[in-house]
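In order of appearance the chains are A, B and C, and numbering begins at 1 in each one.
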């Protein structure tokens, strides 16, 4: 498919600067843009590429000011990244969709499912499962007894959902994700650990996306809850009885310990670790690799292990490499003062 | 099923305080307890909920002292958490158990297996595998050639066990676990890395539980060994030739490098990293996110990266945010002293 | 199979010291060496074991100098570890190889594949896939539409490769790896996150090994690229549009954020985290658990979070536990100086 700048600007409600008849048939990144492709500029780090890119069209924010001549046709939009998303979405939707139930899948006789679902070969759907309309279950997925899955949800190959858990509408669960494995609960008894059976479930609400090989444990009782709109990256660990608030995003390899409650609209960098039984307020922003062991107030911006306000962390980190010098200087000062004192006392 | 406080106290060998005829038919968490449910109090952080919970029965430790009136019936036990485990266990055991060999599984002709096993659809059991009695192999599990698995073990969906490894009795291996993948061994040669074939195996002893998507590499020769009673949480990495001592527990996302030996009864927080070729003594306690690069004595309690005694770590962490001030103060003191010196020398 | 020291020395082009007729039929580690086995000494930490090992043959580097009598026959080689690799490789190659296409696998009608491939049961090979000669696809692997895989590559059980990705020749992909899952891209819009469709692919070049449960996300456009000879350990996260240079090795649980470029011949310790949109120069060495948020020059050796030169990190880490003392001393010095000043002003 080919589109002119004019057609694209119409879709995006954008303003054209340059040749409105130029045609593109693919996307590219700005630093590697080829003629006939459309690219975008959202991250200011990449601004210098706009003067050299060979892409034919560049989506830019309305407030972009060119400091040199730009060869490409510009389309100015309210938000270049969101505009790109709209275009990518349109292309994505033209792709053929999988439907139907492939042979060599296993679906228990009492499973209830809606219209236009896809079930791939070697998928296993156990007893009393309910699946909504338009949902796709890829090959080799395991859905345990009594699981409920909503409409328009995509479960990629090899996902494992243990018995009793629920997944909402419009969710995307990537390959290798495990939902509902036992929480890590043991009672020490005479030097060995006795397992605490984990009787609860996991609830994944609507519009949640979960990255590859992430694991979410079932609650000891009640439920581990991932609320509407949460986005989890790959290889994240969510322990039992955790609750993640609406529209919170977590980058890869974050770990959240048991019974911790994370608020809404929080942003987590990668490899963050949260201790158990704590509360993270809404809109908190937690930098990569932070370690958190106590409650965090709403709106905090923190970093480090243990985490402190971001600005403090960076200021102290700048001093950290000077510690050996400071140590020596301090010793020297002590000596100097002793000397001064004894001189004065003479 | 419903039980009276009296029936439960009898099972647990506990003492009743309050109405011994009250009936419960489910479990709840103390902060969300509903009438007709049983809950427990083990973590002191939750003590205040006991005065407001609507649960009908609360298991408490013998030494619990109420500071306000408690509506619920109390059952005093030696260890409330362990008592809960006993009750949960009883309920768990009433659940119907999977047995039998489902069609669309693959079992090599020479596989030997005991009584009452379960093998789910799309499970693959390769040549010369031995499986004990009452063991459950869920759908989509892969068991390589010459693997041995004991009695009463549960292998959840999608677990992959490479050839030659052994798993003991009463183990629980959660979905997505990989046992016996190649250790990370390469010899640099003319600027490229030549693979060192990994000829050893993994030995999982009895009573081990392994969390979802954890990976345990086979040894270069001999064996990587997880000893009796070890509990590993999700997304843990155990490298080749590692040995983990009996009854050691590790929280999620811990990584243990090659040839390291971990002692018995150790406790690891999440996201800890251990270097290679080191020894961790028995009963060591290693705080979350610690980094360990040298041997650790038995009984140590350490934290940080590099790890130091826990108390030291916290004390130094309190000073860390003051580093910029200290840096300025130190410079000021140097100036002051220079000034004093020159004044004295006048 | 049994071999004499003489036969082995001939293969390795090594020099014998001791009984050249001694026979071995297995490998062992030096600390647990049994008679009739061959072991090796590469890591100096293990040197003391050479005087007590019961192994019959020890491979040592040419420059090894015995400080006590050694019972075993020594074979001196240019590089003992690489020599071991050659022997292990020879044994590995004598093992029977899986070939053929097992029943209960799914291969789309238009798949093109070469000679002597193996496809295990419950493997799913989707439309328009191309697979080279001698490649092994183990059970329960998923290969999406339009994927291309080269010759002599091993895809272990349960690997998931999303549509459109390519894997080169002589690669080894361990169980549970996910290649081509969606990159983590969302545009915030009115407080919720709108998914940016990820239209690119993943390219895995030749001679790459990828450890168990590692995840590599597809690019938003263009490709995430793992170049020739890269070795990734287990549970690593590679985000969208990342590029990893030739012959770079990464230990387990490393996380690389989006659009970051890693150079050639770099060495990463475990649990390192790289920020997004940065460049790591060739031959950089990054210590375990480091956090990197800006570009790193070629050849750097860094450690810490944020990372600084390794020597500085260790020097400062030694001072870190002394911070509380320094803080007190500093306060004391301030007092002393005030006192001195006021004494002088009297």
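We adopt the following convention: contacts are C-beta pairs under 8 Å (C-beta built on N, C-alpha and C of every residue); 3 or more make two chains touch, one makes a residue touch a chain.
In UniProt terms the chains read A, B, C = UDP-3-O-acylglucosamine N-acyltransferase.
Not measured: the values here are computed from a predicted model.
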If each chain is a dot and touching chains are joined, what shape do you get: line, ring, star, complete or other? complete
Turn needed to bring chain A onto chain B - CA fit, degrees, nearest 5: 120
Geometric centre distance via CA averages, chain C-chain A, whole Å: 25
Residues of chain A engaged with two or more neighbouring chains: 104, 122, 140, 158, 176, 213, 235, 253, 271, 289, 305, 320, 322-323, 326, 330, 333, 337, 340, 344
Show which residues of chain A lie in contact with chain C when the two form their complex. 27-29, 32, 43, 45, 79, 81-82, 84-85, 88-89, 91-92, 102, 104, 120-122, 138-140, 156-158, 172, 174-176, 207, 209, 211-213, 229, 231, 233-235, 247, 249, 251-253, 265, 270-271, 288-289, 305, 317, 320-324, 326-327, 330, 333-334, 337, 340-341, 344
Which positions of chain A touch chain B when the two form their complex? 104, 106, 122, 124, 140, 142, 144, 158, 160, 162, 176, 178, 181-182, 184, 186-187, 189, 191-197, 199, 213, 215, 217, 220-222, 235, 237, 239, 241, 253, 255, 257, 271, 273, 275, 277, 289, 291, 293, 304-306, 308, 312-313, 315-316, 318-320, 322-323, 326, 329-330, 333, 336-337, 340, 343-344
